[in-house]
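Below: one structure, written as structure tokens.
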């Protein structure tokens, strides 16, 4: 009994603000970031929420009597050349694009983190091998090879797209993380952990990882934005996703038809605007996170 | 009384932190004469560098406010335009910084960095400048001036870099040199050489030197007069003998007692309680040191502490020094040679 | 002006189940020639917009080129010796005349005297012989060594290196040459190779180096109305008038050909940057609005169709084997046909630039196209009825039909990416078939890119059940190449004795009699329409925009190009 | 009792270069160094920057690969042990780092920092663990409610004490203190030095105290060694070294120390000048032709000097 | 230095070798080949197509094909483009020249835009000029290149009719004349400009951060303390140091420019290797595809080397023996 009470007393001890609090404070200070966060959350809730209700098949259903209709109360954002509702496609497209961006980022961060940590921490031969691989992939013409891959893959789906992109994009992260880890491992707290008998894997996971996490988060947000851009670009070139799984890129790439670009703004402007809004808000959020991380670093 | 080389009168330097200004240098008055080394000592963060940079007005003008007067040869440099000020910087007032590696441009040869000063303040031709630069390098004891002239900072050792830094500072024969912790980054043996060099140059050129340091031994070795700063204020000032032999302010005395020396082996060092308050948390009223000597009752501090002249030329802020004592191992009070009254 | 749009838009798609009236194909939708009454100005420069999103490849020789853009360049400076009429059959108005003899097995060409290469050399019989020798050579790298070539006497021997000369190709005199085939075949009047190569000019170049030689790549010559003056490879060509053109002095001083991106073609027309451009269905709407251009059009030599995979190609024996039971019942195939509303597709998706196809010989062959063939009009009820009759009924109540054994009837539909409408069109067909209870899925959930698509078809990928394809029919009406039992391009793998018989008759010596041949092909079209191994879906209009200052251009038939007659009526193109 | 004996320790770092980035040479960071630590004493290691002090410390800790030599601790040669064999000894030797800022993980709360070694060697319930951490915190004079704070919320001196608390949790016998106070202000430095002395008494610790401030070393150490370019040039009791330096490098080092008594100013300047002159003149007698110091020779029972 | 370059070039060989295997296998894995499309013409003779495949060695085992190919490549012979009926080197050569010019102009424009913006933004950080630049940067960061290029094409090319909208040269100018040069520039300006505007983002951001970081370093303060006027402090101290990493980026930028070229060349119908690549992929013109990927890989590798060389050339701290 006594022990329990004692613990309760300890619990009451005021904890210093955790990482989350600091981030939150940073957001509270920065209206732009806060606005972006709210906006992004709303968009995502709306997109993922509504897309559960909407059926993708229904949206991509062809209706010849509704080709290129202007926005109306029925089709909020009009229709495209297949008579398909743009609003619905925008929702689904945002969902798909965001999911793609997110998955690529997650996968690349995972790979990049693993290899970056290993290379940076152990150095020597491990580092040498990993860095050679990274240098190698980095020197490849990324876009061209992605296109070649897209053509080679027999069934080009969202999953495949994610895998192809991830295969190339992890290198940048691995390099970034490695250099950060390299700097980090020179700090005495790593040496301290070693002298305290902490095994390497624990040092990597529980000592170094938390310290590179801010970098990852920031990089994460920027990449999320960038990946959406690449996806839409490939769609434009004709190496993107099939129209049956519309992405923001699909909608934007309709603008390659001059007729649409000039006269049918409702087809491509909402998606472009969505890309812009997503990119900007993710970017602002990333910057706030960056500052939060910085603030911590400065105090430390 | 003749004109001082530098006379700082009631200088306050405030930094903007989150839209508010906080004085890092608070109502500081100091004089420096030609041919004299004035040392400024104090713990880290007490405003030494802020003061040093104020003299040459090197603070970021957008985020810094300066009040008071800085009279250099009778002229208030605070009233000068930036362009006018540039005529003083380097020519009249030079600076030496702590970290010679970062204070030198890594992409410029040593020679070029010395010449830069010459090219703004003298009419020397290119070749003359080069000759002068080599001459200066020679003067600061660099063995192969011609070689070093062409070298980049990273190619020199720490001591050599600091010598080069000094060469830059004395290039235009300034009357005043402000050295902000010039030897802190160096090994003792090098430190000794640099201090000797600085002193000999000062003597040879009859310059005034403001030497900022936190190492009391350094002060004892080279300074003529000492200014002790705490939390942005001058709390004690006097000649070097006065300060070291008759320290008055509790802070000064504590500092001197906390230094382990090679000459007198004490069993225990004196510990000053607490920490230097950060700029935003500085108590703006009353004696700023009182939090660190809790055993002196509040009433024994002055309400608005002033500098008192306790001996000729020896000033102390606040009267709390009268009540400060060290305890010996048995807990008895040990009293020093303190000015009981004035 | 821009063809009539009497065709009302927004008509209901509700099929009219009553028997369809005989179809009148709307070939008249566009005018085929430019109307311009203004007086022409002397000379002038005509700017030709070659609509392509890639540079033209620059294989500027009729015996070698493959890409359509190169053909567009070629038309200005080179041409075959024989001219064709509306039905792509040779007439006697070209640079040479011909005569058939030896039971129609031999054709003799006589080149006119005034036909000269751009370098002044006369075009001779040897030049044509040389062309045959090049194409027949083992080292030849172009695509023209085809079935007809191999039908020439002695050609295979020559090809295999067993003979130095092609025994069937004989130079009679300087200007006369005769070509003898092993068997008489009316295709000789549509598909005979009549383009000479300037033998003297090309002298000394080994055949395997011909296609990359400067004489073909950089300084090609022909005997067409214009000469190449300057060329920026892949991008633009500047032609000057060939005063020595055998039909007469061309009217234009200069033709400037440049590549324009499809995305910007209409805008370029509008700006007056170019005098001419082909207009895609996509940009038809905006082109129609332009006041500074005339649009003319014709039906294209192509049709799209839905194909059923009925078997596989036995590579070893070189025959098609019809062994896939899935669509063995022709009623099922027909049902697919009745379920599609191609009329509305043409009107809506293609803005009227495509129209329903009734048979697999497109109307661009007026003589052989049988407009009495009842195609598949939109009639979902009939489709349902046919399926019911065939035993395909919805037995588990999911709205989709099961096969007669009660098993799920899932159909994979392969379609090609590319055209702008490709995706919604495929989607539409699937929807339409679903509407009659057919469970059709897009293969792999996406369109297949051109190469992979044909790869699958050629290899009879079992994943593909039905597909949407398109055939360019070439200028030879003989359909054997894609319908014969032995044809690898018979992607349907449809084999039928009746079919074989008719195909044979269509190219038998008797078929030199036009009436007879027409008859045979009409029967054949009936057969295909009934058996429905492929269901033709759409024919297309090809439309072209010309600046209003252009005069005397017409699209009639397959006539040799009459660029020499074209003139302009103003010095500068009209702008909008 | 001898707690630690270092015999002929060498730590060489490869220098890469040339066409294929091969090893072209070695930095002899520690070059044949031998010394002993008696239980309960504080042994000082001084020398200018880059002389190999830290490398020596780290080599003993097992943080650096030892090129050759022996490190005897508790009867075992640590240098010859494998990683797993080494582990039990890790508890007995701990290290205090120079920089109180970088030696504590900024992302960890105190409780995690201090309990890290406990978690590695012992199994404890969270409450036990917390109690233990609080106990050690109070030992180093920090309030027990500090356990949920982050390092950046503490001053340099406090942080250094946190680092010490962390090292103490394993009840080590030997603590290697690598310039534990050189990043601190004099006032704070005094605090930490006093504290280290108190702890030594309380836990009967042995210190290997690395430093370059000769005042601090004199204050803390009973015996000391002077390092120069990876070699020990002189070793003896503090008094012997300070009062009676034998090696010219030691002399120069001592002479360079500024005197805190202003009245000795002249004297020390002159002394320094004389020593500098002597150093120049006799450099060749104290170092061989490669500038390497000679091996140590005993001059008294406790005093050894690198003389030829 | 020479040694370094030699070593790096030596390392490149195995890298290129691996790339070549990768690329070749990928090319082989692509469905269809250059002859697949022939089937569209019903008059084409299947037997002759088969014969052609045999002749082109398309029926051999992939390793055999690879060895044959790589042997030729090693001698500078990338084979013959099937669609263009020309040696690949010849067809790529023309386009490469175009792309190189475009790339150079793009880089010039990029730096001409990015450096002043970065300087302004870094020098006056958090003041209004910086805010404008940062705002611009957000926009360019968030705008996909191809959208931007399309809009540029329509505004400048069509709406206002200021620049040509396709090709690389006006067919009517004589080569070698000044007009020829102008016409070249005129054709490149839109694609280069679009790409440059988007590409500035990274450089501006980088330079800005770099300047902000540098200006708080100690050595600019030293310069000021010498009486160096503020503008000079920037031009000869801060800028030089900040531009250093930017200069080093130049080499890496090459990869970026090639990637961007794929977009802009297609949008502006500019006959360079980006456009050639896309069309060759679509036409399954393997020899061209493989050659292009190999060449661009080489270019990237050289770019990286260049970056390192620039860095060690401008930064005395990195002097490699």
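The chains carry the letters A, B, C, D and E, assigned in the order they are written, with residues numbered from 1 in each.
The criterion applied here is as follows: a residue touches a chain if its C-beta (ideal position, glycine included) is under 8 Å from a C-beta of that chain, and two chains touch if they have at least 3 such contacts.
Each chain and its UniProt protein: A, E = Peptide ABC transporter permease; B = ABC transporter domain-containing protein; D = Peptide ABC transporter substrate-binding protein.
Every value quoted in this text rests on a predicted model; they were computed, and no experiment measured them.
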- Query: When you check each chain against subunit B and subunit C, which touch both of them?
  - Reply: E
- Note on the structure: Busiest interface, counting C-beta pairs, is C-E
- Per the C-alpha means, the centres of subunit D and subunit E lie apart by a whole-Å value of 54
- Message: Need the CA-centroid distance for the pair subunit C / subunit D, whole Å please.
- Response: 89
- How big is the gap, in whole Å, between where the Cα atoms of subunit A centre and where those of subunit C centre? 48
- Query: For subunit A and subunit B, what's the span in angstrom between their mean Cα positions?
  - Reply: 51
- Item | Contacts with 2+ other chains: residues of subunit E | 30-31, 154, 266-267, 278, 282
- Item | subunit C residues counted as touching two or more neighbouring chains | 263-264, 267, 449, 452
- Can you list the subunit A residues in contact with two or more other chains? 151, 154, 238, 256, 258, 262
- Message: List the residues on subunit A that touch subunit C in their complex, please.
- Response: 60-62, 64-65, 67, 81-84, 151, 154-157, 238, 242-245, 256-259, 262-263
- Using the touch definition up top, name the residues of subunit D that touch subunit B in the complex. 48-49, 155, 157, 185-191, 193-194, 197, 212-216, 218-220, 242, 252-263, 265, 268-269, 272
- Message: Under the stated contact criterion, what part of subunit E meets subunit A in this complex?
- Response: 15, 18-19, 23, 26-27, 29-31, 138-139, 141-147, 150-151, 154, 255, 258-259, 262-263, 266-267, 277-278, 281-282, 289, 292-293, 296-297, 299-301, 304
- Using the touch rule from the top, collect the residues of subunit B that touch subunit E in their complex. 53, 56, 58, 82-83, 86-91, 94-95, 97, 99, 102-108, 113, 116-117, 120-121, 152, 154-155, 165, 168
- Message: For a test of understanding, state which residues of subunit C touch subunit A in their complex under the given definition.
- Response: 10, 13, 263-264, 266-267, 282-283, 285-286, 344-345, 348-349, 417, 420-421, 423-425, 427-428, 431, 442, 444-447, 449, 452
